[in-house]
Amino acid sequence: MKQRIFLFAAILIVVLASRESAFANDKCLACHRIAEDKPSALFLHDIHYAKGITCAGCHGGNPNADEIEQAMDKKAGFIGVPKGNDISKACAACHSSSEKMKSFGSSLPTNQWEILQASVHAKLSLKGKEHIAQCVTCHNSHGIVSVKNPASPVYPLNVVKTCSRCHSDIMLMRSYNPSLPVDQFEKYMTSVHGKRNAKGDPKTAECASCHGSHDIRSAKDVKSKVYASNLPGTCAVCHSDTEYMKAYKIPTDQYKKYAKSVHGIALLQKHDAGAPACNSCHGNHGAAPPGVESVSKVCGTCHALNADLFSSSPHKKAFDQRKLPECETCHSNHEIIAATDQLLGVAPEAICSHCHNETQNVKGYRVAKKMRGLIDSLEAVEKRDQELVYEAEQKGMEISEAKFRLRDVRQARLQSRTTVHAFSEEKFTGIITNGLKISAFIVAESESAIREYYFRRIGLAIATLIITLVALFLFLFVRRLEKKQNK
Amino acid sequence: MNQIPEIPENKSKRDFLQWILAGGVTAFLGAVLYPIFAYLNPPKQAEVEVSSVKAGKLSEMEKESGKIVKFGTKPVILIRTANDEVRAFSATCTHLDCTVQFRKDFGMIWCACHNGKYDLNGRNISGPPPRPLDEFRVVVQGDEILISKKT
Amino acid sequence: MKKLLQRIYSWIDERVELQGLVEYMGKKYVPVHRHSIWYYFGGVSLFLFIIQVVTGILLLLYYKSGEELAFESINFIMSKVQFGWLIRSIHSWTANLFILSAMIHMFSVFFEKAYRKPREITWVTGMFMFFLALGFGFSGYLLPWNELAFFATKVGTDIAGVVPIIGKPLMIFLRGGDEVTGATLSRFFGFHVAVLPGLFTVFLSIHLLLVQRQGMSEPLDIKKETEQKTMPFFPNFILRDITLWLLVLNLLAILAVFFPWELGKKADAFASAPAGIKPEWYFLYMFQTLKYIPSKLWFLDGEVLGILLFGIAGLLWTMVPFWDRKSSRGEQNRFVNYLGLFAVLYIIIFTIIGWLV
């Protein structure tokens, strides 16, 4: 027995001695390694360890002291396990100082703590004393590696899991913001981005790609990367980068096209928050282009009338059978420009002529031709009515009723453009006929007013002529009379 | 000179001047009487229509109904809600100027052109309209509804 | 034709004895001299009054009194009724021309001193008719119930309220209440189509009867000449009168076609008064005078002073036949001439100033 104890002590001494020489400058680590606790085990893989930073580098204290009282002495700067914001402050002590970072040969940014303070994660936690998230929340405390290291929790392939730790925790999220969804992870896994990420593609988008890392703000915050008017730009960071997207073989001109579109101009230039951004049609976490059959439903969330008319029109079946994406086929997906009447009809620039001509799909050809003819005639009629009303007005005639009805003609024309989507000759003709009827009334009133104007002047001329003649003759009569009287 | 004057006879001259005078007087009378008789003939639209400033009688408006009324040259939608409030808004849709209507089934104001929807306070709640409808001042005097511009 | 007229004449004569009247009418003569031209203005005023009655009755057939429909009914007349535009514009233009013609008539009579004995009552009834004509203008102006009229009536009745003692009750009587409302419109309508016409007819009858009975007055200076040319009232003067009336009618038609009377905006009691409200030209000189009187003079309000001044001036003017003794005696009265000249110039100048301001 004595021999065993002796052997054990000898081994211990040898081990200790060897250990001591291995952790010559970091006595903290040396002891904690003997204790074999988790933090010290992790720390061996830590980049800070690799750079020669001791435990005291974050925890303070004296890393050269052998005895625990001196090593973990408050007077030597030991702060123990920092709690709350003190954790991040400890990180920031170096990471926010460019000199310190340069001295370790690092070109990392030094503004993370500053940015974090302005982010949504800097809001006070439930306890009310510290930020919701500290540096270590996402980066870990003791096994910190570079973001580019696949072992890092913030390596692209790991980010989603890291964020989900909190953001998929229903009870936790509810205690902060009950209206915030908690299904982002599930949705993400159904998306193209999520599927690729799961397969191991580090280039594809994950949480931080769109939301940022340290600068995460609420989506309602104007400065957020995912605020409505900022969102297209955020998607474009990857999707408009031809080099970056080379391997994926999808177009990279969507942003450019979108910026030219009605939706793009509305959102990006006019700041109309009601206009759709990329996520409105593609979804945000479950991002995927809408399927062929569902395009009209997606567009229909805003363009309800057109979508309904289309869905009950003969085009729905025809398009679905030919795998033609519904609204997109005529209106494009990203470069949606304001539809004009030129789109309708059988002329070469009209879109109907792509499928309908004199020999193919003839019925549609006839209907398209008729519809275009009708809408053109209504437009011409409306213009002419405006001119007539203007003329009557300028002549000073009372024409307010007809002028008021002009609105209805215009309304009929606008409604007919929506009705086109029913692709029904009967429905379309009905609306146009209504407009033409109102126009007929306007024309009748205006022409009558203009005729009245001329009638008055001609009538006056005639009356003046008569009166002048009668006055003249009367005068001559009186003169003659008086001549006779004076004889 | 204090005699009753006589109109002397001079057949030929008198005939010509008198005839032409008679003709002229007749034409003159015609030119005066024709407009008067035409005036007396009532026009097709026999009665004057109620204008926009007075928008009609409260007793003639059902609860949960709306109607379009002319305010000068602009259309105004007048609604009477279920809790008996009377409100008036510009009926020109803020999207592309179509005329909106009251939809009892939706319980809101609707634009037929592109499915724009406004709540009963004129606020745009769905669809393309970018702004709410301008509100007009409504005063109910007895049974009369008066609409005027909000200053 | 002549035989037919003869038979009608005989039929009436057998019952009413027209012979005496016809002889009397035949004996009427109108003096012919260099001032004769002024004789026509009485007739022109009468003609214009008749036009007002005829067009007024025609308008009555379509006008609807009352706040809700007054404005719209005039719009209706102007746009939907055949020749409604003509009738209404003639009525509005004639109102102005009638007052102008009455003023010319009055001033010419004044300068000719035709008011002297025995024609004092003719003058007084004429002055009453003039005041009634202003009342016609004021009441009629409100009837379209448009913006301008509403505020003009407000201002006008406000001024009436300034008259001492009786002013307030007078204002309430005119307005049918404290403010200008639909009640005012109803009253003014009643005044315009019933009360004023009735009163006017009485004075007009007396006026015309006197003129027929007394004949035309001759100017004082002309009377000195020995040779007095005359012309028979019937048919000469009458036919000349009618010729002039025809030309006046033509003028009215031209005005109605090329300068149609505006309707403007409907009155809105809740709206603020448009800038630069001023009354019609025939009130303008008084309105402008009031603006120049300082707001307080001695112990009197400026406005009250102004009203009193005009009241006294009007009274003196009406009573001129009674205090101008010289003219009654057949003598020249230079003072009256100067007074008249001052009045004319004052009115013209202040009307122009009021218009330009």
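Order of writing sets the chain letters: A, B and C. Residues in each chain are counted from 1.
We take it that a contact is a pair of C-beta atoms (placed from the backbone, for glycine too) under 8 Å apart; a residue touches a chain by one contact, two chains touch by 3 or more.
None of these values were measured; they are calculated from a predicted model.
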Identifier of the chain whose CA centre is least distant from the whole-structure CA centre: B
Chain pair with the higher count of C-beta pairs in contact (A-C, A-B): A-B
Distance from subunit C to subunit B - Cα centre to Cα centre, in angstrom: 34
CA centroid of subunit A to CA centroid of subunit B, Å: 48
Centre distance in Å when subunit A and subunit C are each reduced to the mean of their C-alpha atoms: 76
Sequence positions of subunit B contacting 2 or more other chains: 5, 7, 28
Per-residue overlap in subunit C, given as positions that touch at least 2 other chains: 75, 86, 232, 235-236, 246, 249
Numbers and ranges of subunit A residues touching at least 2 other chains: 463, 467, 470, 474, 477, 481, 485
Subunit A to subunit B touching residues, read off their complex: 272, 274, 302-305, 400, 403-404, 407-408, 410-411, 414-415, 418, 462-463, 466-467, 469-470, 473-474, 476-477, 480-481, 484-485
Residue numbers on subunit B that touch subunit A, as the complex places them: 5, 7-8, 10, 13, 17-18, 20-21, 24-25, 27-28, 31, 70, 73, 75, 96-99, 112-115, 127-128, 130
Parts of subunit C lying in touch with subunit B, wherever the complex brings them together: 23, 26-27, 29, 58, 61, 64, 67-69, 71-73, 75-76, 80-84, 86-87, 230, 232, 235-236, 246, 249, 266, 268, 270-271
Of subunit C, residues touching subunit A in the complex: 75, 78-79, 85-86, 231-232, 235-236, 239-240, 242-243, 246-247, 249-250, 253-254, 257, 260
Footprint of subunit C on subunit A - complex, ascending: 396-398, 456-457, 460, 463-464, 467-468, 470-471, 474-475, 477-478, 481-482, 485
